[in-house]
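Heads up, the next two complexes both have chain A, just with different partners, chain B and then chain C.
After this line comes the complex of A and B, so read on.
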């Protein structure tokens, strides 16, 4: 994790939403870096704050979060709305969860993809058309001249996700944020889309943040994985290290819940007992404490910090506090 | 477009009310704008026939109290009604759609202020509101159009706002923001096309209401000043001669009815077409 290669640095990002009575603590002071050309996977269950995290990077939330997000040397959270508009789509773009709703139903697909070039670059209509066709065939849509004139409802889900990928790539962004891009798709299509994004990422030398609730999906995809729980990163490691030796009890729990071919078919699948914490009333200590088998008295009192346990393997758990260099 | 087979006009023609609406409306619009070809009289020329005569070969709808030809006056009066209705609704929809779009898109305090202004306008009965406006700006051919426009603004503002609110929560708006589009662009090039179909239906119905309101104002003597052949003022004068020359009041009333029914049918037809497109779209 050399500082020099980091293209995106998130520092102490905190997002809270003010409701009528309560405050929703969606993200509670997280730090991470995205290196140039790297794929970072962010895993977490619903409500763990992963979507809010990437929407903060794009500044798509109704409030501006606290903390800092450095893209190169600019703090995205301090930029003017005009400058931010230049960055969105051109420098950092996003692939959305549900391609069915992410397209405007009344405009042809080709026009919608071309729109962002129109907005960000000064090129002729002909060149725009050419680039749309080229990109559509690159993402595996055959007969692009014909398909570009069709409307979203004439596309299948997988094809729409391909078109969505095309629209996020059209201005050659440096960073792509993928928000569960395969959730709504069939498993076979999922595999195709993952392969496609991976391949495009390599040929175009982009950096990628991939959000998912499915840890197994990241195995062949991510370089590094951050596990989020209750609005905090609880573990962060290289993909192999995380699978081989997960440190946090939560990560261990998720990995144990994934059925394998050797799982005894007569036994019940493993699941983590309990429910995820209520973001309106987070516990005082570690958010996972209530569901943790190895909880200690200190876990309920204070939140453990994310610390390096050994070579680039970060974990936030009191269990490893002594290994990391001593109790207070 | 949904099935990729039939155009919009074909579908509208196929719906029964749409077809009836097109026929009735185009009949009246054509008659109004071809008036000089249909009748040889001048709508303002007095004494072209005996006063208050009933329908005859020379004057198919009879003559009025100054001996003017009623059919001629109805034909030219249609122009006034159509121009007033369409003009007022164009102004109202322009102002209303923009207001509703801005209010719905940005929300917050701006939304509250704009919509409370709309509520204030809508809280007066339409005719009363129009009379107040005319009382302030005076009586001429433009003032009634303006008054009718003001009365119609809230309808468009509220309709647009409601539709924008439902569109804004859809994924494509967020996706557009993520692509770096400006607010103006998202509002007018992305959201507006999704709202247009509802607006078109409202526009036809509003034109009908505006024409009715224009006639009501003329009936009360607040529309186009006297010599002008307005349907409402013809009705108003005609009612005084109801016993001697019943056709005087009947024909302007009948024309008004036909035009309004035609516009409502057209609105129904449009709604059918847009609905079928929406349900057949998936």
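After this line comes the complex of A and C, so read on.
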């Protein structure tokens, strides 16, 4: 990649939710960068903190998280709500997981897509309509003049997700955050949507963060992948390195447990024992410790830091601490 | 007798009322589906949403009454008015996609597991039923001490194990698994897949596995039926289907499965994926159901529905391209 300047820098992001009795430790001090024009995949199970991470970037959470998120040298977490509203939709936009609930059911699709332009730009109603029609056909919705007047329930799931993509692109944002946009869609429709987003990302030169629980899906999509577990990034690497030589025992386990078309039928699948950790009661040490085959005494006591193993391949595991050159 | 189930020309139509004055329309959910389920085998059904795979699974158990067709279980017609439906319920079970909504939130695990046993008269007293329940819970990898807890106290994977245990206490011979692993976390999915595999040997089970995840079906199933708009377009033993898929829809479906292999994914030709979406089952296209999206469509496809032809032993395809050869 020619331009590897970071467009977004997340530093020590920590998100906690206060419940009646407990505290939910959703995200526990994560650092990552999104480079210009890059697709970063964030993969993790439910409760790993991946959705909370991108909602923090958009400031869509009820609390303001601790840490810093730099976008063009501005710390998004310190901005006023007014300034943040200028950024949302115009500079950074989001594709939500479930388009059926993300759209307002009583407003026509076209009007909802046009909302961003109405808010951010000073253009005539005619220009707005034209831009909506143009974008709807760009995302593969035929007969846009007619479709723009329809309501969400008149769209199929795949079409609605296309409309959702259109609404996130309407102001040509620099960064798009995609929260499992193809979960719930059929594989054939999923392939169409992924191709569409890849195409649009190329032509519009955007940067993309794609959240999913599906490592297979990211293989053909992401440039770099961050693996989250228990609210922390446990491994981060270029896509080829991560699949060819995963370092963290969790990543290794997940990759080994996905049945693929070449899996041997006669033997049992590899599976990680146990359950993902409860974010209300994270263990003192490494969150994966209880399920890890290679756990050592130190793993239960202290959380390993995310450190470079080699060539931009970061891992948070005590197993690699000596070769990482750590002197703690 | 080798076949547990023989399904012949199964059709399910739903009547859709559009309002007070309008005439009801019929929705063709399942159309002339025929296949056999061999004893102790695993048959998979794959297809997009709206392809009728869930309806097929439910109609086989008469949870949805079939509109037409014959269902033979052990050679006996279960649609016949004299067939003991309670016996059918006991021996044939179903596991649903969302375990939390398939358990009563106000009942303890013990109550949920004991109720089907009481209904079907399994075990003579509470003590004996408890023993069976304890034993079954252990075989699905749970400890007996959870008996007095409620569904909301468990994670998705544990709940799915409880649902599996609930079917097993009746010692069924056949289980329909309707997207039974789709809602689970990745690291839990392989645990449950392995559990299904182990239980099959332990309990001599036959499964009908409904899923949209083809890689999972390939791992679990002996035979796979590919459904499209209520019809089975291709049915073949698993190895044969993957080595030698014939129907254009099957080929398209196989080509879009993402694999955890970046180099392989990048090498995949783009532009090969299917255009458009599955048509409405209220107004299915005349002729072949797939003709609206098929890359090889020709005139005959649009007017005449293809007959199912046996491509070679055990491998059936419904496509004019195959019938021509």
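Rule of thumb we're sticking to: the second predicted complex is superposed on the first by the 322 of 328 C-alpha atoms of A that agree within 3 Å, B and C clash if a C-alpha of one lies under 4 Å from a C-alpha of the other, contacts with A are read in each partner's own complex, and residues count from 1 in each chain.
Please note the rule applied: a contact is a pair of C-beta atoms (placed from the backbone, for glycine too) under 8 Å apart; a residue touches a chain by one contact, two chains touch by 3 or more.
Predicted model, so just to flag it, every value in this text is computed and none were measured.
Superposition of the two complexes onto chain A shows chain B and chain C fitting side by side, with no clash. Of the two partner chains, chain C is the only one that A:217 touches; chain B does not reach it.
In the superposition on chain A, contact is made by A:259 with chain C only, not with chain B. Between the C-alpha centres of chain B and chain C, as viewed from that of chain A after superposition on chain A, lies an angle of 80 degrees, to the nearest 10. By the touch criterion defined above, A:186 reaches chain C but does not reach chain B.
When the two structures are aligned on the shared chain, A:65 is found in touch with neither chain B nor chain C.
Between chain B and chain C, more residues of chain A are touched by C. Looking at the shared chain after the overlay, A:304 reaches neither chain B nor chain C. In the overlay built on the shared chain, the residue A:173 is in contact with neither chain B nor chain C.
Between chain B and chain C, the minimal CA-CA distance in the chain A superposition rounds to 8 Å.
Taken together, the two complexes place no residue of chain A in contact with both chain B and chain C. Of all residues in chain B, only 1-2, 4, 170-172, 174-182, 185, 190, 193-194, 281-282 touch chain A in the complex they form. Within the complex formed with chain A, the chain C residues making contact are 48-49, 155, 157-158, 185-191, 193-194, 197-198, 212, 214-216, 218-220, 238, 242, 252-253, 256-266, 268, 270-271, 273-275, 277-278. Within the complex formed with chain B, the chain A residues making contact are 58, 60, 85-90, 93-94, 96-98, 100-107, 115-116, 119-120, 151, 153-154, 164, 167-168. Chain A contributes residues 45-46, 156-159, 186-192, 195, 213-217, 219-221, 239-240, 243, 250, 253-255, 257-261, 263, 265, 268-273, 275-276, 291 to its touches with chain C in the complex.
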